[in-house]
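Some structures are shown below for you to check.
The two complexes that follow have chain A in common; it is paired with chain B in the first and with chain C in the second.
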Partner chain A sequence: MKFVSIVYEDPTAEPYDPAEDHIGDWVREGIDRRINLRGDRLRPVAETKTARRVDGGTLVSDGPFAEVTELIAGYDVLECADIDEAIDYVSRHPMARFGAIELRPVWPVEFDE
Partner chain B sequence: MEHVMFVINNTPEQDTPLGSARDAIKAWLDEVEPVRRFGARLRPPADSTVVRVRGGEVIVSSGPFAEADEWIGGFDVLDVDGIDRAVELAARHPGADGGRVEVRATWPFEPEV
Partner chain C sequence: MTEPADTVALRVALERAHRDEWAVVFGTVVRLTGDWSLAEDCAQDAFVLALGAWQRDGLPRNPGAWLVTTARNRAIDVLRRRRTEATRVEEAGRLVVLEGDEDDERLRLMFTCCHPALPLEGRVALTLRAVMGLTTAEIARLFLVSEATVSQRILRAKQKIANTGIPYRVPPPGLREERLGGVLAVVYLVFTEAYAPSNGAVVRDDLAGEAIRLARLLVVEHPRDAEARGLLALLLLQWSRRAARFDERWDAVLLEDQDRSLWDRAAIDEGQALARSALREGGGWYALQAALAAQHALAPTAADTDWATVVQLYDRLLALRPSPVVRLNRAVAMAMRDGPEAGLTALDELGRPKELDRSHLLAAVRGELLRRAGRREEALAATRAARELVRSPAEARLLDRRISELSTDTYPETSLSENLAQAASRKTTM
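Presenting the complex of A and B:
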């Protein structure tokens, strides 16, 4: 099962402690086990650009349009045997403790009927 | 530089089989193929799983991180020079027509020294 794992900041979580941030070890484990296919941290939300097509034209604005992506700090793409393996792996992501992780199952797009 | 593009959905119809959008999506995918490093349609937010660690306990809940009347329906990674080019390509995604796309640059961690 493939997941996009979205890393959120969560103001209700405990304060971030760099000494407890073992993100390098976490990524390495996922690569070694071949369950973490790619991932990255994202630039601050203020640098977001939003695009909409309205009446044939394109409107581009600075910042997110609404709060949907406001707290997103990063992402990972996981290929796991099942949801339990994905839960176990992301529960050890430092941001599971200092934020929250949302696992979104991928929905394959079929172009051949 | 890789940029992440979130396709924001706000109607349940966007979470159904592609139907008439199929050709437009296929045309967009063909256009961005040289720079698209990953992309996925995501299952609806009700199929999400959120993982948090609080006080040393792993807390797993179903449903999205934040209940909202909008949600991330698609996720793509575009490898282009500068966010303006990423936005230009993102704006041509069919999801920007009547909806919107939000683009953020990635922020890779520095290699350990």
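Presenting the complex of A and C:
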């Protein structure tokens, strides 16, 4: 079962400590166990564009769609047996301590043949 | 007209099978197909089919196995008709239903229904439906909500299980201990709503008894968990008073007024032993409440209750989980230990917590303590305020009686010492 985990920055969480940021170990574990399909950091808000199609024209604005204090810092695509396995894995992501991880089950699109 | 003997036997056998086997039938289909709605339909169908088949062919040697097999075959039929899930059909067909692991099935079902990813309301509704076999109508009556609301809660819970990948299993060691608390909480809630409905709904002692069976199963499966033992102790000690807690008009009889000879000694003995060991090894939320219930069960009369110990136990409960309701109960115990004025002081310290905003309890207790302190006018005002808020009809009648006593001119002004001598709690710890 596929999940997307979204990595959030959270100003109310424990202050970031580079010495405790074992992201490499975390990713390696996911790859070894074949549960982390891919993942990356995302460039900051200043480099974000939001695109919309309005009245036949494309409307592009600077910055993220929603103005929130918590920013999306990265994502991972997971393939886990169930939600318990996914929770267990993301709970050990360094940003689970210094931010928060949102776990979204993928809702597959079904195409008619 | 009397029922023919074999019809009676059939009905009894079906009722027993429903009580003992529903969860196993339901759980087996979930395990084989992963489809909760299919499991619900097939379990239902199996019991309907049983009625006709058992009438025609006589009772099967093993009703549970008959029901499980019938439900499984129905599930395979349905899946076959859907065709798209051909591999599932093969899997389901290949899997042999093992005998003798009924408790395992019940546990898998309980842990899954109580998964923390589900909202609490969904956990409770799904447990009542899947584990305890209640219909949506029965669940609706239990919580005084509409059937549509219950159906929605169950449907959403089932969808969430499918869509978020909640596994059907007892969690592995490590996670299991962590999840057990959530299961205990649902069993406690089911027992409480069945045994002492907060909303004036009909009392369901049968369902409360089933909750005790589940608590017992959890103790057997988790012999080292003091909270599981504490919960079973608490439920047994409350259950022990079932024959004494209503009068012939189904009005609630207060703890102090109950005929203690009607209390179930076997349940008390077992509950006390469990409460002692749970308190010694853990002293968690359920263990402490069980110890409180044990204090009441121990006392030959309400006046003989060891109120000093009761106050201490409330202090420990508050240290664990601060709650206005517990503080209210502690104030009552203070009044029993040191007199009504001490209780009133404790109530003043409690203030007006918003958790008790819409509850009659605060005003009712204040009214009672004022009455015992001989402050009649104030007592009357507080009791009237409580009457405005009360929801349970039995408690409303009790308050009406109190108001009429307080408003009668001939009402004897009892002295403080008399009140103290009367020493009796108006607020049972249920």
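Here is the rule we use: the second predicted complex is superposed on the first by the 109 of 113 C-alpha atoms of A that agree within 3 Å, B and C clash if a C-alpha of one lies under 4 Å from a C-alpha of the other, contacts with A are read in each partner's own complex, and residues count from 1 in each chain.
Methods note: a contact is a pair of C-beta atoms (placed from the backbone, for glycine too) under 8 Å apart; a residue touches a chain by one contact, two chains touch by 3 or more.
None of these values were measured; they are calculated from a predicted model.
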Do chain B and chain C fit side by side on chain A after the overlay, or clash? fit
Taking the superposition as given, does A:Met1 touch the first partner, chain B, the second, chain C, both, or neither? second
If you stack the two complexes on chain A, which partner ends up touching A:Arg53: first (chain B), second (chain C), both, or neither? first
Examine A:Ala19 and indicate which partner it touches, taking first as chain B and second as chain C; both and neither are also allowed. neither
For A:Cys80, select first, second, both or neither according to whether it touches chain B, chain C, the two together, or no partner. second
Partner chain(s) touched by A:Phe65 [first = chain B, second = chain C, both, neither]: first
Residues of chain A touched: more by chain B or chain C? B
Output check: A:Arg97 vs chain B and chain C. Expected answer is one of first, second, both, neither. What do you get? first
For chain B relative to chain C post-fit, closest CA-CA distance rounded to the angstrom comes to 5
Where on chain A do the contacts from chain B and from chain C line up? 83, 86, 105, 107
Of all residues in chain B, which touch chain A in the complex? 2, 4, 6, 8, 18, 22, 25-26, 37-38, 40-43, 45, 47-54, 58, 60, 64-66, 68, 70-72, 75, 77, 83-84, 86-87, 90-91, 96-109, 112
In the complex formed with chain C, which residues of chain A make contact? 1, 3, 80-84, 86, 88, 105, 107
The answer for chain A against chain B in the complex is residues 2, 4, 6, 8, 10, 13-14, 23-24, 37-38, 40-43, 45, 47-53, 58, 60, 64-69, 71-72, 75, 77, 83, 86-87, 90-91, 96-97, 100-109, 111
Which residues of chain C touch chain A in their complex? 117, 163-167, 171, 175
